[in-house]
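Below you'll find the structures, each written out as structure tokens.
In the two assemblies presented below, chain A is common to both, partnered first by chain B and then by chain C.
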Partner chain A sequence: MSLLHWAILSPFLLAVIIPVLYKLFRRVHTGWFVLALPVVLFSYFFLKIPAVRQGQEIKETLKWIPSLNINFTTIIDGLSLLFALLITGIGSLVVLYSIFYLSKKKEQLHNFYVYLLLFMGAMLGVVLSDNLIVLYMFWEFTSLSSFLLIGYWHNRERSRYGAQKSMLITVFGGLSMLGAIVMLYIMGGTFSIRGLIAQAGTIVDHPLFLAAMLLVLLGAFTKSAQFPFHIWLPDAMEAPTPVSAYLHSATMVKAGIYLVARLSPLFAQSGVWLWLVGGIGLLTLLWGSFNAIRQTDLKGILAYSTVSQLGLIMSLLGVGAAAVHYPQLGNENIYIAATMAAIFHLINHATFKGSLFMMVGIVDHETGTRDIRKLGGLMSFMPITFTIAVIGTFSMAGLPPFNGFLSKEMFLESMVSVLSLDLFNMSTWGSLFPVLAWIASVFTFVYSMMVVFKTFTGKYQPEKLPKKPHEAPFGMLLSPIILALLVILFGLFPNMLTETLIKPAAASVLGDVLPADYELHIAFWHGATPALFMTIGIIAVGLLLYVLWPKWKGLYKAFPEKLSFTNLYDHALPAMENGSFNLVKLFMTGFIRNYLVYIFIFFIGSLGFTIYLKNAFNYSTIDTAPIGFYEVVLAAVIAIGAVSILFVKSRLTSIIVLGSVGYTVSLFFVLFRAPDLALTQLVVETVSTALFLLCFYHLPKKFRKEERLKFRGTNLLISLGVGTVVTLIALSAHSTKLFDTISKYYLDTAYTEAGGKNVVNVTLVDYRGLDTMFEITVLGIAAIGIYSMIKLRLTKRGGKKANENK
Partner chain B sequence: MEILMAFIIGILFTCATYLMLSKSILRIIIGTGLLSHGAHLLILTMGGLKRGAVPLLGEHAKSYVDPLPQALILTSIVISFGVTSYFLVLAYRAYQELGTDNMDLLRGSESNE
Partner chain C sequence: MFQIIILIALACISLSMLALLYRVIKGPSIPDRVIALDAMGINLIAVIALISILLDTYAFLEVILLLGILAFIGTIAFAKYLEKGEIIEYDRNK
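What follows is the complex of A and B.
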């Protein structure tokens, strides 16, 4: 176990101790015990920056299941380090925030922090694992802990609904991903991501390549709430706000992005990858930003905004994948910049979205509502919160001097660069990229303005607020302030990130394509590029749309809620439940006749079809015994007897006819030289007939009403089918003798070895005595069963007792 | 002879199946009785018929019939007897407790679903 492994596992270990600490120290807020761990981990990862900057990879292996190639291998490279810093850094701030947000008295804090620590450890495991199976394990752990956190207030119906929805969707994607992992193992023979990437050139041509890619993308898209799997994210907002800030803006939803970035060197060779990642990302961006505007709940707006920003990052990764196809361009490769922009925006989004969620949490905490129709004019009551909101939303909208402006500029520039792509039919459809990106950016601007101005300016409506608003305590403000400061810091000095974090991360995503001397310089003024004019357009049109919002509100009526994917999900689930219920009800009728019909039809179908398919029917009269007069008479008797049972009205008669069939069988045994059988059959038949008659005699009178067996065509057809199949098999089996019987041995040795002359009896008790022993056991069990069935009357006695008690 | 027996066995199976698809428990049990007769005759027939003397070594015949199927059938007769008698008493108890012999009425009530 190396230090790195301890770092990943330490949250799990702390999660075990937390409930104990919670019970022991009831006076101290449990969050304080948790806080130290992410801070220590953050410092640990922070100290790795210099090494990673120089291109080192820190690799540690712990043997887990070596025989299956599954080892807990962890690697720190640029991308992993970036994510690890985000997870631990924002994790510390969220824990700090939650200490002031969650009440010590009202909440089950030990549950909350156990789930949160499980999540933190799982997320670290996802980003640091090199082994795909281990990655998958941690991946499902994030789904699980997210489920627990969303359903934290489990007595609320909406929480349970949101938790179930997110669980179903993310686990669906997770399982698809497992399928892809297995396929990748088949193709590459290893679970190691680096090992697979090293073989990228040969894997591309494998027939399973496309299927694996689609399944990986299904996993990544469901986790990162991409269109049309984004529907779980808005419902996950039922979680406590620190959870929304941590999981559903900064970390978990970026697991899908991490996966796409991590596997880019493997899949980017293919045009399908480029189109899917870029196209779906752009679609998500547009759809999320469009839907964010119609939300009235602040967290709802932020949820859709997260969806759209994740789409933005995803589309950048898609465009960035094009870099692989132009390795000759070197430093001039414009698609490398797209990858850099994706990584830069990933950092920026984590900072401003985290602060915005915390800001909304504060508003909710201090006013009692998150509905923008009830809020307004809070600026003078909550000046610090307002400042944080302004910084966050302006950065989200892409306004200078905040970091969102820079990454938005880079984003627009990358989208414009798609125009010069001459690969994969991009030249015809590629022009859609900048246009859609621009429209989505306008929507982003509009909802960003709504978040800040509808909450903090306008008319103050105290009568609608459950609480009297006032500024939050300083502890609660601390985390969003730190994040807002980072927003400004990264905005003013973006180049402190480029060399330390962005370039090493981009090196992991792009692999060899990135030239060692690639210069990335982010600056506010980079000349009059198309992107700048697009930004000016966004601000102008966005302002216009914001002012005219009541006028074009009606546009949303064109997209009614009924047509949404949430609605589809809500109807698909009950439909599936009802469908399977009805389907099962269709054949599980409870009537034994129906089940017998299924069994017999399957018997006829499978055996008849096999005979037909294998051409197995065989008929030969060569090896047959001669037909004698007595046999013909007996055969006629048995046939008439069997058929007449079907037609007799009286049950007594049918019992007697059955007895006659049995005696005829024993006569057959006489004719076919089986004296022991004939004896046994005679006795058994007598006793069974007596039993039948006994049973019949004891029947209550009212059931003795005689009825002829009702004729049913299907019954006749099925029974004829069974009889025919049995006859066919009997004929074929008789006519195909493959080898001689082994009975010669029994006949030869019965006297010499066993000392008996009756070979059948010698077989029963000497050669095959075990059969006989268990046959005796069967009789014993039957006798005990019959005895207990007659003697034990538990229900009746219990019933009487119950009656007596009354 | 074996060909004729194959058809007789077919008739036994047909009648047995037809009875088992009926509603009355007693008829179903009669059906199983016929079915076991059919099965026993099938085993005997497949072993070959009338290939010599009774398998008693005192007979001093040149050839005997195959003793192995006979041993198998003997076991089978006893077992089917045990099962049939158990089944009969079960049906008898069902009449007593539930007051019906109609299989269509002997299904779980709707409230169990």
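What follows is the complex of A and C.
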């Protein structure tokens, strides 16, 4: 156990202690106990920056299941460190915020912090694991803890709905990812990500490669709320706001981004990866930004905004994957910049979206509503919150001097660079990339303006607000202020990030493609590039659209709610339930008759088909004995008896005829020289006939209709089929005897070895006595069972006897 | 010669058994069937005895005895059933 392992496992350990602390110290807000841990972890990871900056990888291994190649291997490199810093840093701020957000008296705080710590530990595990199985384990842990956090207010119906929806979708993706992991293991023979990347050149040609890639992407897209799996994220907004800020903006939804970035060196060789990651990302960006505008709930806007920003990062990763195909360009490789932009925007998004969620939480907390139709004119009541909102939204919209502007510029530049990409038909369809990116950026601008101006400016409507608005306490404002400061700091001095975080992270994503002396310089003024003109266009068109919003509001009626994917999900789930219910109802009829029909049809089908398939029917008369006269007569008697059972009218007659069939069988035993069998058969047949008569006697009088069996065509066919198949198999089995029997040994040694002349009895009690013992047991159990069934008749509650013959 | 006689005897008994079987199936009342079954049991004894002679073995003499007992018990049981409606008079709810 190294320090790194302790770092990952420490949230789990603290989660164990938290409920105890909660019970012991009821006066202190439990969050204060939690706060220390992410701060310590953040400092721990912060101190790793110098080492990672120099290109070191800190690798620690803890043996878990070595025989299956599953070890808890953790590696800190640029990408993991970046994510670990995000998780612990924003984690600390969220815990701080939640201390003031969640009430000590009303809330079940121990539950909240246990879930949150579980989530934090799981997320750290995801980003730091090198072993794919361990990564998957932590991945599912994040799904699970996120489920618990979304459903935190579990007495609300919408919370439970959102939790279930996110659980179903993310676990669906997680399971497909597990499939991909297994395929990767088949291809590469290792679960280690580094080990797989080292074999990237050979794995590409494997037939399973494409399937593994698609499944990995399914996992990443569901987790990162990409189109069309984004539907769970808006419904996850039922969670408490600190959870939304933490999970659904900064960390968990970026797990998919992390996975794509992490496995990029492995999959980027293929054009499909580039197209899918880039294309779906762009589609998500467009769809998310388009839908964000129509939302009236602030958290709804931010949820769709998160979806669209994640799409942006994803599309940049897709374009960045093109760098692998131009290693010869070196420092001139423009696609490296796309990866850099993705990582930069990842950081930026975490900062401004975290602050925005907290801002919305404050507005909700202080006014009692999040509906922008009710809000307005809050600027004078909540000036600090307003400032935070302005910084966050302007950064989101991509305005200078905030960090969003820089990453948006880099994003547009990368999308323009797609035009010069002549790989995989990019030159023809690639021109769509910058166009769509530009349109989506316009939408982004519009909804960003809506978030800030519809909430804080305009008319103040006190009659619509449940509470009288006022500024939030300082403690609640602290975290968003820190994040907003970071937004400005990263905006003004972006280059403090480039060498320390972005470049090492890009080195993990790009692998060997990144030249060691690559110079990344982010600046506000970088010349009159196409991206700059696009930004000016975005601001101009965006302003125009925002001002004219009431005029083109009607456009959204052309895209009714019914056509959304949420609606599809809402209908598909009950449809699936009904479908399976109806399907089961179709064949599980409750009638034994039907189940017998299935069993026999399967019997005929499988055996008959096998005989046909293997050409197994075989008939020879070499080994057969001559047919004697008595056998023919007895066979005729049995046949007449068996057939007449089907046609007799009374049940009593069929019992008697059945008895006569049994007696004739015993006669067969005599004829075939089996005296012991004949004796037993006679006695057993007598007893069972007597039992049948007993049953017959107790039949209820009311239903004792004496009538013939009804004729059913299917029954006839099935019974004929079963008979035929069994006959065919018996004939074939008899005609192909492969070995002599072993009975000669018994005949020779029954007396010499076991001291008995009756070979049957010697076999039963001596050679194979074990079988006999258990047959005796069976009879014993049957006897005890019958006795207890007759004797033990429990009376129903209420004293009414339940001993009617049913 | 001896064998032929036995064969003829067997054939006769078989015929009589077939006739009894007809009575078992057809028999208008239940006592008819019971009597026919009883007679069939006795016929079976004869068949087994003859077959034992044919096969030249003592192994089946126990079967003959057993059949005799069973036919008797079975017929008595049936008779009691027809007479009283019960074979073993025992009230299980006592």
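Everything below uses one rule, namely that the second predicted complex is superposed on the first by the 787 of 806 C-alpha atoms of A that agree within 3 Å, B and C clash if a C-alpha of one lies under 4 Å from a C-alpha of the other, contacts with A are read in each partner's own complex, and residues count from 1 in each chain.
Quick note on the criterion: a residue touches a chain if its C-beta (ideal position, glycine included) is under 8 Å from a C-beta of that chain, and two chains touch if they have at least 3 such contacts.
Keep in mind that this is a model prediction, so the values were computed, not measured.
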(request) Classify the contacts of A:T653 with the two partner chains as first (chain B alone), second (chain C alone), both, or neither. (result) second
(message) Quick check on the superposed pair: does A:W153 touch chain B, chain C, both, or neither? Answer first, second, both or neither.
(response) neither
(message) Applying the document's definition of touch, where does A:P675 land relative to chain B and chain C: first, second, both, or neither?
(response) both
(message) In the overlaid three-chain picture, which partner chain does A:A690 touch, first (chain B) or second (chain C), both, or neither?
(response) second
(request) Have a look at where A:V637 lands relative to chain B and chain C in the superposition and call it first, second, both or neither. (result) second
(message) So in the superposed three-chain picture, is A:R712 touching just chain B, just chain C, both, or none of them (first/second/both/neither)?
(response) first
(message) Going by the contact rule set out at the top, does A:W549 touch chain B (first), chain C (second), both, or neither?
(response) neither
(request) For chain A, give the residues common to its interface with chain B and its interface with chain C. (result) 673, 675, 790
(request) Would you pull the chain A residues touching chain B in the complex into a rising list? (result) 590-593, 596-597, 600, 621, 623-628, 631-632, 635, 638-639, 642-643, 645-646, 651, 654-655, 658, 661-662, 665, 668-669, 672-677, 680-681, 684, 687-688, 691-692, 695-696, 698-700, 703, 709-710, 712, 715-716, 718-720, 722-724, 726-727, 730-731, 733-734, 741-743, 746-747, 750-751, 757-760, 763-764, 768, 771-772, 775, 778-779, 781-783, 785-786, 789-790, 795
(request) Enumerate the contact residues on chain C facing chain A in the complex. (result) 7, 10-11, 14, 17-18, 21, 24-25, 30, 33, 37, 40-41, 44, 47-48, 51-52, 55, 57, 59-60, 62-63, 66-67, 70, 73-74, 77, 81, 85-87, 92-93
(request) Give every residue of chain A touching chain C within the complex, in rising order. (result) 629-630, 633, 637, 640-641, 644, 648, 652-653, 656-657, 659-660, 663, 666-667, 670-671, 673, 675, 678-679, 682-683, 686, 689-690, 693-694, 697, 790, 803
(message) For the complex, give me every residue of chain B touching chain A.
(response) 1-24, 26-27, 29-30, 33-34, 37-38, 40-42, 44-58, 64-68, 70-71, 73-75, 77-79, 81-86, 88-93, 95-97, 99-101, 103-104, 106-108
